[in-house]
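In what follows, chain A forms one complex with chain B and a second complex with chain C.
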Partner chain A sequence: MRSDLVGILSIHGTALHGLGFDARAVVTREAWRDCAADLQMAGARFFDITAIDRGDSVEVILVLIDPPATHFSLRASCPNEDLRLDTLSDIFPPAEWGEREVFDLFGVEFDGNPDMTRILQPESSTIFPLRRSFVLEQRPW
Partner chain B sequence: MGLVDDAEQPGFVTTTLDKLLRWGRSRSMWPVNAGIACCSLEMMTTGAARYDFDRFGIMFRSSPRQADVMIVPGPITKKMAPIVLRVYNQMAEPRWVIAMGSCAISGGTFVDSYNVLPGCDTILPVDVYIPGCPPRPEALLYGCLQLRKLISETSMIGSSRKTLYVPPVLPPEWSAELLAEYGAGDQPGYADVTTSAPEVVEAAYHSADAPVAADGPAAPDVQEAGDDEV
Partner chain C sequence: MVNFARGGVEGSTETMLVNIGPQHPSTHGVLHIMTELAGETVVTAKPVIGYLHRGIEKLAEQRTWQQNLVLCDRLDYVAQFSNEWAYCRAVEKLAGISVPERAEYLRTLLGELNRITSHLIWYAGVTMDIGALGTPFIYAWVAREKIFDFYENVTGARMMPNWMRIGGVRCDIDAALLADMREFLVSDFPKECDVYEALLTGNEIVVSRMKGVGAFTVEELTDWGVTGPALRASGSPLDLRRDAPYGVYDKLDFEVCSDGAGDSLARARVRLREIRESAKMCVQIIDMLPEGEIQTKIPRALKPPEGDVCVRTESPRGELGILVASDGSAKPLRFRVRSPIFYNLSAMPHMLPGHLLADMLVIFGGIDTSMGEIDR
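Up next, the complex of A and B:
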């Protein structure tokens, strides 16, 4: 990990924990967007955006690459009552579809995403299937 | 002599024409070229030189307008369902459906998924079911030959196959627009279901033996490709 990226993380009140693919930095929701923007300016590249349901909150995970090959993730938690987060789609353009997928499967809405609609499920769908609270339909047999 | 005598019988011309049509249709089943999932690879193999669909007059058409058989080779996701149904509705009548593989029969390994229909017979009237995951090309060939038998034995004159054109029940997740597109209008049978209250649609969709509608036509008889012989 380059020292300037470590410095950016510490400016935003966080630090890197874990090794290898598990390297992670947890930021507050307020610092999420600024931190990602600063990391992008310092050369971090977008790899993936996904989420985990932690029960009482949904943790959104932004996986970044520190070129040439170091992966680390930036994470922010949204409480279940308020599943909102600032968009990163203008900082990392490919994040737009990733955010739509997180919205489709977890129900986290990204403020500022130009097209916050369903991407994998039919538009009329009302479920968020990867949430822990989602119960699959019972089979008749 | 005999021909002239027979010609005076009522229905001689129509039954003879019917026989000719049945013969012709059963010898030129043209499936629409719609590969949905992994079973379509077996479908392609069956079309290729080693198994050679063409020798039975089965030739894949890229346009649904030229096709009269739809082989459903895989699970239908809820997002894909309107498209599959649209392709089906664009096919020339009379038309038949072959459900190929466990996924198309019942949802297969994806049956519990939030996004997959439990079998393509929830939206399409299926004539032949071919079990397997995936079925071998021989099984597909056998299923097609069963369908050929079915076609050559079913009269197209009169109303005997009318019910098969009616997709039984539409998934309640579809938007009102889609339901209106497929439900409203001239085809009897599913208009009743889609215009009923949402909970009625829901119940019809999830019940094991999905009824078409109280006063609609009965669900079509289907023919199984016996798995023990395959």
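Up next, the complex of A and C:
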């Protein structure tokens, strides 16, 4: 893991070394966009954006890679009452679809995403299926 | 609601919206592309996905870690072993499980055979799309069936093998079967490859149809999030099998296939070369295969420690990422599939404008979609 990337992570948030990633950093929602923009300038490449429901909040996870072999993550937490985050789609173009998927499945809205619509579910859907509060019905058999 | 900005092409007065799919012979599954045309030129293209959405990521949260392997087969149904392998590696990393050496070899063998069959499906599909109805398709099917018979003999199933296990593989492969497969890969398969190349890259009509169509630079494709053979065809040397070796790739002698041209023909050449490389790797693995255990003993109620990991693998279509999160219970907190084709497809609105409608299918064939993994 390059030291300048670790430096950027620790400027904007708390950088931790941990299981499964070469580094991981937790940032505030305000620092989310700036941190991603700095990492992009330093040569980081988009890999994935996803989320985990933590009960009272949704943790949005951005996975970035430093080619060829390093991957690290940036996390921001959105409380249930205010599920919004700034978009990264102008910094990393593939994030547009990734953010649409997070919106479709978790209900996190990304401010500034040019097409904040459902992607996997039909347009008429009103549910956010990957939330804990959405419980799958027991099968009758 | 979908909103298209109309017009904007010089010399045209009106554009036309054409829906390609969701039921169309060349969309390979249920993909819908809303295309705005000025004459025959694509102005905007918007892929609409989700027709095959089965909620696999949600279903995975209701099942135990071991049960989820069944779902992995059903993600990308033409590269089943790649998905199983990626999931097993993610859980093994999370739970700190080591895999016996023989199992690693067997996994790599099936992973590479899977790359061959997956690329053969691409070959069959792309030749059909550009008008070679039937003949190359059936040629590709001959070798594919031979390898599928091998899958069936090893795992009991052709399509949904459910063969890898967390900590190893379900059953061993008989030495006679391996010798038979080695014989096929050494003697018959290279001749088959010659035929594939003669029919595709050696065919003047196909070459004139593909050459220079959809040429993109590495910078463009990297920016759009494209990975895998489609990126390597523009000259990128990135291949996780060599850059971040897993399985036994570090012990194998193989070449990373890249090509500088960056057009549709280069993407075809890269995949055809990868088929040959994979066959060579399979022969090496069969020759080197050690004796030993195939499964580490793991508890039936596997409870990985709290945390999350992300594992990247080189699937036949690009970089497949599996992110799993555990809260310390017997079921995953989150099972996320970073599908390479999901992001490759998201580059379509950048790739297609300016090309002819007929070329659209050629470019589209170059990224090798499989809707099962895009929609999950």
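To be clear about the criterion, the second predicted complex is superposed on the first by the 132 of 141 C-alpha atoms of A that agree within 3 Å, B and C clash if a C-alpha of one lies under 4 Å from a C-alpha of the other, contacts with A are read in each partner's own complex, and residues count from 1 in each chain.
The rule we apply is simple: a contact is a pair of C-beta atoms (placed from the backbone, for glycine too) under 8 Å apart; a residue touches a chain by one contact, two chains touch by 3 or more.
It should be emphasised that the depicted structure is a prediction, and the values quoted were computed from it without experimental measurement.
Asker: Once the structures are superposed on A, label A:Pro94 by its partner contacts, choosing first (chain B), second (chain C), both or neither.
Answerer: Only chain C; A:Pro94 stays clear of chain B.
Asker: Where does A:Gly7 make contact in the superposed view: on chain B (first), on chain C (second), on both, or on neither?
Answerer: Touch status of A:Gly7: no partner.
Asker: Please indicate which partner A:Ile52 is in contact with in the superposed arrangement: first for chain B, second for chain C, both, or neither.
Answerer: Touch partner of A:Ile52: chain C, not chain B.
Asker: Could you say whether A:Gly112 touches chain B, chain C, both of them, or neither, answering first, second, both or neither?
Answerer: neither
Asker: In the overlay, answer first, second, both or neither for which of chain B and chain C A:Leu136 touches.
Answerer: Both: A:Leu136 reaches chain B and chain C.
Asker: What's your read, chain B or chain C touching more residues of chain A?
Answerer: C
Asker: Is A:Ser124 touching anything from chain B or chain C once the two structures are fitted on A? First, second, both or neither.
Answerer: first
Asker: Using the superposition on chain A as set up above, list the residues of chain A that contact both chain B and chain C.
Answerer: Looking at chain A, the two contact sets intersect at 120-123, 129, 134, 136.
Asker: Could you please specify the touching residues of chain B with respect to chain A in the complex?
Answerer: Touch residues, chain B against chain A: 78-79, 111-115, 118, 173-175, 178, 206-208.
Asker: Spell out the residues on chain A that touch chain C in their complex, using ranges where they run on.
Answerer: Per the stated touch rule, the residues are 18-21, 45-48, 50, 52-53, 61, 63, 65, 67-69, 71, 73, 92-94, 96-98, 105, 118-123, 129-130, 134, 136.
Asker: Along chain C, where are the residues that touch chain A in the complex?
Answerer: Touching chain A from chain C are residues 1, 49-50, 53, 55, 57-59, 62, 93-94, 222-225, 238, 240, 243-244, 307-312, 319, 321, 323, 325, 333-334, 336, 338, 342-343, 346-347, 350, 375-376.
Asker: In their complex, what parts of chain A are in touch with chain B?
Answerer: 120-125, 127, 129, 134, 136-137, 139-141
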